[in-house]
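In what comes next, subunit A is part of two complexes: it sits with subunit B in the first one and with subunit C in the second one.
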Partner chain A sequence: MIDILCETKDLKITFPHRLGDFTAVHSLDLQVRRGEIVGLIGESGAGKSTVGNAIMGLLSHPGQVSGGRIELGGENLVDLSDAAMARLRGRRIGMIFQDPMTSLNPLMTVGGQLTESIALLQDVGVAQARQMAIERLDGVGIPDPARRMDQYPHEFSGGMRQRVVIALAMAGDPDLLIADEPTTALDVSVQKQVLDLIKSICVERSLGVILVTHDMGVIAETADRVYVMRHGALVETGPTAQVIQTPSQRYTKELIAAIPSIERREERFRNPAKKTGEIDQWLLQGHKDEGSGDYVTASALTKDFATKKKSFWGKAGTFRAVDIPGLNIKRGEVLGLVGESGSGKSTLGRMMTGLIPPSSGEVTYGDHGPLTDVRSRTARKALRRDVQVVFQDPYSSLNSRMRVDQILAEPIRFHGLADHHDIPRLVGALLERVGLAAEAGRKFPHQFSGGQRQRICIARALSVRPRFLLCDEPTSALDVSIQADMLALLMELRRSLGLTMLFVSHDLAVVRQMSDRVAVMKQGEIVECREAEALYDAPENSYTRMLLDTAPRATRH
Partner chain B sequence: MFDRIRSDFWYELLNSPVTIVSAIIIVLMIIGCTFAPIFAPHTPFDPATISIMDNNMPPAWVDGADHRFLLGTDLQGRDVLSAMLYGGRISLLVGIGAVALSVVIGMAVGLLAGYFGGMTDAVLMRIAEIQFAFPPILIALLFNGILKASLPADVFAQAAVPIMILAIGLAGWVQFARIVRASTLVQRNQDYVTACRAIGLPTLTIIARHITPNILGPVLVLAMLQIAVAIVTEATLSFLGLGTPLTEPSLGALIQIGSQYLFSGIWWVVIFPGIMLLLMVVAFNLVADWVRDYLNPRLR
Partner chain C sequence: MYFLLARLFQATVVMLCVALVGFLVFQFVGDPVLSLVGQETTVEDREALRESLGLNDPILVQYARYVMNAVQGDFGISYSFNRDVSEMIADRLPATVELVLLSGVFSLLLAIPAGIYTGIRRKGGIAQTIMTISIIGVSIPSFLLGILLILVFSVWLNWLPSFGRGDLATVFGLRSSLFTWNGLSHALMPAAVLCLFQLGVILRLIRAEMLEVLRTDYIRFAWARGLPGKRVYFGHALKNTLVPVVTAVGLQLSSLFAFSIITELVFQWPGMGSLLLHAIGQSDIPLLAAYLIFVGLVFTISNLIVDGVYVLIDPRIRHGAL
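Moving on to the complex of A and B:
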């Protein structure tokens, strides 16, 4: 093979630990040619980022390359000293990080950061570097670059900031670009533009690009070849279209099958056979059949947040985060709420559950009446029992100082839903109901994986026998394969318990799988709200159409 | 958490000899001082057991020493080692007691300010900042002075130790309030707190059962550092003659008594209590440093 830019041969990366070394990457062979985007995909813990960091020579302590070679233009990087490696960084290898919020210095102007890098890496004077910086900003598609040079990172939007990061990575005209989850922190509509930019830079400058990501859709849209990794080992490699359409390994097949489709609603979710029966009877206790009217009704709901004062004596302005004329969810219905970051979907979700008070307007639940009228302590308590939440981040949503059985027993005890001596048995049954072992209660939250923690969160929400469940991005922090299980569990619970749900997510495909009806939010307003199938198949609003068009699809090839 | 303590705690501790030595010093001092009546070879403040004939004896290894008095005796014939143990008991009691008081006040203020925010936060933290603007020793002097003026002399002399605890404790709560407030602000916005609110738990339950255990780490570190500070503050006050009475001297008071004879050749009366105070303060600081590193794995 000619023109191989970068190559790893039998690469092994170990993290020494006193209880035994942890091998993060086992004998990986990877090649990148000029003008080619190589995708490196895997779930969390697959070692994909470690590979990128090793090539950069930036393995986090105490990780080390314990075997094999990393060759860049024929030179073995593993043997290089730290100083020699530092000279390569920026000049030969550039890196794009995940979060453009933290990878730029907030106290330096964008132009300052870029000029500094160019002056250093290209050995030119400041004036010339500045001129080059403006050209580079123009090159990554930032409009009016001369003016924007003097702005600070916070004055740029997420996508624009990631463009600046790309310009920074290109400051030393490297041959190899490593992009570690470059679009994970961005909204879908921006994601596509950034990926297109990386693609065009790659072709124009005949760069080699290593694109590290967990998102098969991103790979499908961008990469020429793909390496699938799992537990630090290579599972499968080949041209992207071939790997996605005709995967040869079982793991790759499962990975691709687990990706929810934006094209259609699938009934393929495995139905987890869980111990139901007794616990379901307990969960349904006190729930009478109320027919099919609306369970939650919001009318003329707004939420204002105070903005910064313009001057010391000035008055604080307000920013309207949510402004909707009305929204209702029928009993037993799942309403999906999609929107990009900052669209107000989480704020609306939390107002719908009474966790934050609206600035104006009213939320009414089933037979509880309007939220603002629920004043007495007992009425509030009853309301809180009926309305529960599952959060996005399974790490911060469990109290790490409490054992799992304590976490689950507390709500049951507080609401007096069971006799004291029945509680341990109930907690065990609840854990089994969400797919964990009853003995899991004796452990602390940190002993579980993200998916298991999310199951505990669902068990906690169920422990008060709720009628209405807000799921606020419940699968966004999870790997695809776990995400599918979680969606299946939520669907099954909803069917068995007749839960009414508000499902908030930025992921259009996930929302399609879950929802009966979907509302699309943009800048605090609902632009379209219809039956899910109708909305996805024939979006009426131009914004909805744009969202659907820009969403990456693993199956587009 | 417990398996982490089982494995990492001992591993990290055994890898830090300085911490082990400091911890042993603290443990020995606490045991020795707490049970001073058992360990001390003499009862230094009981006039019946001391003899003026034994005065100014040098330490046991110096010529002309009396083997009964390991670290020598002072002007009145009191055994220096015994006086140190009894004095150390007061120093430790004041140090730990004052910090306990600071922790209680500081945590209450910090939790309320951090959780409720807004007006509550503004008022409580402004009060804290006003107090913070004055040096703690000045605050302690002030409280000490107020109590001295308002209590009868005999009561004041009797209650010297509780008064010191009160004065130093009231001087030191602000740091705890600030650190607890900052941690509470972080914890309050975590989803597990929102989940508690969704369940309908009363605010006080959320603060006491859920937030408090999650902010104890930094409080523990600060408390250990502050014990050292409180011991020094007490020693300073006693050195200035405002602390414990001479009939019941703490380490600071012993140093003050001894300093008067520093240049008369009777060096042991001041040097040994000084070394003990130094060891106590340094040991608490080193252990606190280690605990901070242990609780924050990123610093390891």
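Moving on to the complex of A and C:
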């Protein structure tokens, strides 16, 4: 087996702790050949990044390799001294991190960092290193490299920065490249370009690549073989197509089944089983039969943000983040809003819920009239009770100093929706309604996992008996298997309670599962807005088509 | 450039406000005419004096005149010394500058390497010792430390003089006591007292920032690129810790200029601090007002310098990205 570049044998990684050691990786056997991309997939806590860090010799304190071998070209890396390991980094093994926004030193020019790496790793003078740096930047597809050398990282877009990071990781011409979630922070269209770049480098230089990711779509598009990890152990391995199409293990099957499809709307989301908790009676209280018609209508809506002044006496410019002629959401409808980062989708969502005021135009609610007329304190209070939001990050959207029952009781009390002595019972019932135990109320937010927290956020939004829910990327911070449960819960609640929803996401597959209608945004404008199935099956706009084409699919193979 | 111009403009506004406060002190503390003339002066004479002093002018005109005078360095005559206030400040300022420079340079020379070291080797014995010393430095009151130093080095060991400023010498047109052995020996103890507190604060800040920066992705990536430790710590990490450190150093040094009162008192150092103490004791309004403006000026200038350094350190400020 001469072509095996890197191999782990019975690798075990532990984090010692005074309450007992935590084993992050148990007896992992992994092989990487030259010119091959090996995918390492798993959900959060699977230990997949730990493997990459261990090969790199950069385990975070106090982690250590407690058993097994890591072989690179026949040499056991575990036995190497720190100094010897440091000599391998950059020269034999390169690494790319997840977030290109934070992996470059913000105070140093891109060219400075690349020249520094090349001068050191290739052992050449600074002038020659600079020349090579320009060639390398050109090689990773950065236009006008000589000029961009002297720019700082903040002057590059996310995709361009990740290209710089790749050039840096390749500066010492390593044999093995470890890419840890290299495209997670990027838009789909950029993601494809970066993955293509990694693929082409892999082939050209017969490089071994370990691609660590949580995204089965990325693996399906890129990897030759895949290792599925769970709780630090290997679940299954094999050629990518085989593992995805005919998984042999139950966990792999569940993992693949949990991925929302971009090809069709699944029955579990289209027609979720209706559930009724004892609290539904209370949640539906005071809701008259509103019939059909629009719940919310936006007309000629724009939002301008001030940009930096160019000179001392100059006037501040404006950047138009949103500019739409009109948008409406019918009662009981789920409108999906998709777009890449910076497309203005979140801004539009926030304007539709009255969280930020529009620069011009009007938002009108069926029950409350135009937003500009909702002036009085009582009218505003009534509107805010009807309109609720579930945010993206369940970690920062709950007050960490409040107990969960306090978090849920506060809005009920503020809006005077129940008698004081009824509130504890209602809070318990709300928690049960979103799939948590009633006792969860006695704990603090940090004692819950991301998925459980998002359930608490949903319960908090429900606690004021809303009619309209804005879900702003509610599942992007969650694992795939949890994401599916969360989407199912939202759809079931929507059906049982007759909620109207605006579902904002960058994930086209998720939006397809959730939405009755979909609006696609690009640079502040809606380029296409139609019934969801029709839009996905036959996109009319070229941008929509491009988005759908570049989205990675786990099931294409 | 725009950033610095804006800061310069803001600094001017701040100084005008400080001058307003200084000006108002005069307005509220008694009638200057009353303190100038005796009982027998007639109402007409008083009125004539009032007119000639410009006290009947509208308040804005008086304020403008005050600012114009202040800009030219004219803060009036001290009540208690009967001398030009600006002259008195010019007399005292060099002594304080000496102390500030000496203690500032020493605290930076010690704090930067010690802060980096304790940030990198958090758990080592040397780092723990440095941290313990720094907490003593921050928490011990300066008068106590000053008296202890005098007891040890002047009374017991008789190595250093216990009070006053030493002999002066002129080098390159600068007249300072730091250029003679005698002067230096006088300045050593007060500077050490001022230095120890600075040292503790700056060292702890650098260490905290270092710990923060070493956890960032670009430092992990720098290791992954195979850069040697020296490059990572000094080339990448240190510069990223500097922005908050420069802010703190700027504020610290300015407060030394203005408020090293206790240390100057303990060592009978003829600097700005003892001048302020005297002015308060004698209710010397012109001196107090001038001192107020001086303190405002020191803080404003040091903040301007700090802003300028920001621009040098962080390109994102230069490009208006932050």
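The criterion applied here is as follows: the second predicted complex is superposed on the first by the 548 of 557 C-alpha atoms of A that agree within 3 Å, B and C clash if a C-alpha of one lies under 4 Å from a C-alpha of the other, contacts with A are read in each partner's own complex, and residues count from 1 in each chain.
Please note the rule applied: a residue touches a chain if its C-beta (ideal position, glycine included) is under 8 Å from a C-beta of that chain, and two chains touch if they have at least 3 such contacts.
This structure is a prediction, so every number in the text was calculated from the model and none was measured.
Residue contacts after overlaying the shared chain place A:E525 against neither subunit B nor subunit C.
Once chain A of one complex is fitted onto chain A of the other, the partner contacts of A:T353 are limited to subunit B, with no touch recorded for subunit C.
With both structures placed on the common chain, the touch criterion links A:R385 to subunit B but leaves subunit C unconnected. When the shared chain is aligned, subunit B comes close enough to touch A:R18, but subunit C does not.
Look at A:E263: by the touch rule set out above, it reaches neither subunit B nor subunit C. Shared-chain residue A:E410: touches subunit B; no touch with subunit C.
In the superposition on chain A, A:C457 makes contact with subunit B only, while subunit C stays out of contact range. Of the two partner chains placed by superposition, only subunit C is touched by A:G94; subunit B is not.
Using the contact criterion defined above for the overlaid structures, shared-chain residue A:A171 touches subunit C, although it does not reach subunit B. Put simply, subunit A uses no single residue to touch subunit B in one complex and subunit C in the other. Looking at the complex, you find that subunit C touches subunit A at residues 2, 5-6, 216-218, 220-229, 231, 235-236, 239-240, 313-316, 319-321. By the touch criterion given at the top, residues 1, 7, 11, 190-192, 194-195, 197-201, 205, 209-210, 213-214 of subunit B touch subunit A in their complex.
Residue ranges of subunit A in contact with subunit C, taken from their complex: 56, 58, 86-91, 94-95, 97-99, 102-109, 116-117, 120-121, 152, 154-155, 165, 168-169, 171-172, 308-312.
Across the complex, subunit B is touched by residues 18-19, 353, 355, 380-381, 383-385, 387-389, 391-393, 396-402, 410-411, 414-415, 444, 446, 457, 460-461, 464 of subunit A.
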